[in-house]
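Below, chain A partners chain B and then partners chain C, in two separate complexes.
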Partner chain A sequence: MATVTVEGFPVRTEFSYDLTHHMWVEELGGERVRVGMDALGLETSGTLAHLMMVEVGTEVARGEPFGSLEAEKYVGPLVAPLSGTVLAVNADAVASPSLVQSDPYGAGWMVELSASDLEGERSGLVSGDEIVTRFAQKVTEYRLEGVLAE
Partner chain B sequence: MTVSTETFDLRRRVFGDVIEFYAPGLKRWETSEWRPANPRRFLPVSVTGTACALQCDHCQANVLKGMISARAADDLYHLARRLWDEGTDGLLISGGSTRSGGVPLARHLAAIARIKRELPMRVVVHSGVVAPEIAEGLAEAGVDGVMLDIIGADETIRDVYHLDLTTADFERSLACLADQGLRIIPHIVIGLHYGRFLGEWTALEMIARHPVSTLILVVLMPLVGTPMAGIDPPPADEVVDFFALARSTMPDTKINLGCGRPMGSMKQELDRGAIDVGLNGIAYPADGAIAYARERGLQPRLYEFCCSLTWAGEGYREVTIR
Partner chain C sequence: MDRSATLRVIDFGTVTPLRSQTLWHAIASGVSAGGPPTLAFCRPGGRYVSIGFHRSIDELDPEMCGPTGLAVFRRMVGGGPVYIDPGQLFFQMVVPADWATARRGETIRRLLEPAVAAFRDVGIPASFDDEIVLGDRKICGHAGGQIGGALVAVGNVIDSFDHAAAASIVRAPAPEARDEYLRQMRRFVAATPTDFDAFVAAATHRYADAFALDPFPGDLDATERRELDRLDRLFVDPEWVGGVEGRRRPWWRVKVTSKVWVTHARIDALRVTAAFREGRVRSVRVCTDDGVSVATRNVEEVMRRFGAPRIGELLEEMAAGAPA
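Here is the complex of A and B:
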């Protein structure tokens, strides 16, 4: 398990990322994956106030919502990085969204899925050697846009 | 909760059946009812970066963190130029406060005037407590509107804002802006005194004495990392009652529910209440609020700009629900 700091943000290098929607994916074995929000997504969202998730058993498609988030600077959908069936929802995070902020890559996970096309969709995620570079690019982009304070 | 048929009917008589919803680019936002086409159409700029000398108990500079920084005077025009080129056509020029309760705008007035002269952008500013010479400068610069919080209790000014001022200083600010013929967009932060009502009624009376363009009502959002972090905002029913009072006190003035308000279920209650008691518009409506307005017989209009720009609707593209 390796966590590196990129432009001030922690990043778990063994996870894969949808950097557009700031979701991380941890492969748990077989088709089972765990999904959460990365530290950059949390920083640009501000303080989380309210989380809603779909129910266990719901089919979600990659790029479609599996829940919604209300935060200080972001209100909108939580977008699935992979297609699949929801196997578990982190009830602790729903009850206490601050958990997502305090431990985004651990206890603050959001849902677990049985991925329906892990092999096919994995290539759409950022992983391995690309993570640090692409994450740093995203931080720079956000600073230029004013999404992050310079 | 009071569902005021009386004030709802009043707003229909005075303003017709249109209700306006706003989604400026102050934060990333979408609901199942509305996804803004250009989230960067109206953006906030801080002339102090993330710095604020006031460090009030409510915010402690937290709200500045999401703004674009333009600290040097020369930067503001060039920043506006770049944003215009990238599709932004309106700016909120804001910033941290000085120890005297105002945003330090003086050294930016020339840049603001140049923006208004050379770029077809809407520019509204947060002035805070304003001196006559700043009001005059803002008028000469041609800003489209001036926003400021009006506080109606000396205790709140002293305890929450830590300012050695009184309500008279806030009323003088309204008068200064009115003397210059500026569009005044006062805000009342409901529950600002640590979550309870104190000076809201007086603030409303103060505002009603001046020719304001639009009154914006917002509700205390206790922010993490501030002394108000653990405080509850006032109950939704009491807040909605205040909405109704504002509506009846200022029947001819547009009154909007602004972007600052608690989230989750309370936001749902506040937005429905705002519609029920006849406010004119809502910024960042809760999911379902647009449908509810239709149920109440109102015709929603959607704008991707600040809810302070109520007179500018014709100059902006109305968007349609997808």
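Here is the complex of A and C:
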């Protein structure tokens, strides 16, 4: 397990990332994956007030919502980084969204999926040596847009 | 932004309570499907309660709301339960989701800034400080969210506000908690009587100018009307209105504004109600079941009177808790 700090944000380098929607993916073996939100996504969301996830057994498609979050009176979708069937929902995170913000890559995971096309969709994620560079690019992009303060 | 782009403006006038919610949700479906950015207005024709997407129906007083009281509609954007009546003008700005910035709070602020300018145009020197305020008073309830492929920001102009009715819709754990909620609302939530038509004109100008869009008067299209029929059914479906089980909190808490909230908790035989502003105690009332009731701004006095250091700890915990 390796956590590095990139431009002030923790990043787990053994995970894969959908940096558009700020979701991480941890492969747990076979088709089973765990999904959560990365630290940059949490920073730009604001303080999470509520989380809601679909029920176990629900099929979700990559790029479609598997739940919703609310922060600062804004309700937005949690977007699935992979297609699959929901195997588990982190009830602790739903009950206490602050858990997601305090431990985004650990106890603050959101759902576990049985990925339906892991081989095919894995290439759409950022992983390996690219992670640090691409994450840093995203932070720079946000700073240039004024989304993040220097 | 493309100068030739248009802003559809729809003023629905006075509509039923149900339609005052479903109309703009239908517009969101139209914008998701490629329809133009849309600024909509309506005035609810009756009293009702609107509850935010993630909030528990258990937050509402069961005698005041629901089958024996005011109708309850669950919206698809955020925030808590709110009391609505004909003294309010609603406005909604609905734009494609790709207009969002990465920071959600910033997106909502951008979508509300033209409304702030419109308030000022009609003589109300409003500003934006987490919400639309006049000085330290909230004058506009707002919420936002992504509905399908559309971003929505909603708000209201309050011509008159029945604070007592607004306080009555919330399930309160004790009479003194509701009283404190009402007291703080009277202090920090204000109506700004104005000519609604003048606000509509000003907002139309300000939104068109802010987003470089050419306004034109419009209406729902056929697809949106079909969606409206579906939403009319959905919004009265008890399962939709009931929502999901709410988050359990260690104490009762209700937000008055983004900076002011009221909390209540019990410590053994003591009932503690406290109001906070930006995390600082504004007032504390401690009641006992045998009729003693003490109100003060002085936490030390409360602790001395009741000999209860746990009250101090509780107040610190309550103060640290951000309002939902």
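Criterion: the second predicted complex is superposed on the first by the 147 of 150 C-alpha atoms of A that agree within 3 Å, B and C clash if a C-alpha of one lies under 4 Å from a C-alpha of the other, contacts with A are read in each partner's own complex, and residues count from 1 in each chain.
As a working rule, contacts are C-beta pairs under 8 Å (C-beta built on N, C-alpha and C of every residue); 3 or more make two chains touch, one makes a residue touch a chain.
Quick caveat, the model's predicted, so the values are computed rather than measured.
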Fit or clash between chain C and chain B when superposed on chain A: clash
Which of chain B and chain C A:Ala95 touches, first, second, both or neither: second
Which of chain B and chain C A:Tyr74 touches, first, second, both or neither: both
Contacts of A:Gly46 with chain B and chain C, given as first, second, both or neither: both
Partner chain in contact with A:Tyr142 - chain B first, chain C second, else both or neither: second
Stretch of chain B, among 21-29, 75-83 or 165-173, that runs into chain C once the two complexes are superposed: 21-29
Doubly contacted residues of chain A, that is, touched by chain B and again by chain C: 44-47, 49-50, 68, 70-77, 145, 147
In the complex with chain A, residue positions of chain C that touch it: 52-55, 76-79, 101-108, 130, 142-146, 244, 247-248, 322, 324
For the chain A and chain B complex, residues of the former touching the latter: 44-47, 49-50, 68, 70-77, 98, 145-147, 149-150
Of all residues in chain B, those that touch chain A in their complex: 27-31, 40, 43, 49-50, 62, 64-69, 221, 223-224, 262-264, 267, 284, 287
Chain C partner contacts - residues on chain A that touch it in the complex: 44-47, 49-52, 68, 70-77, 95-96, 142, 145, 147-148
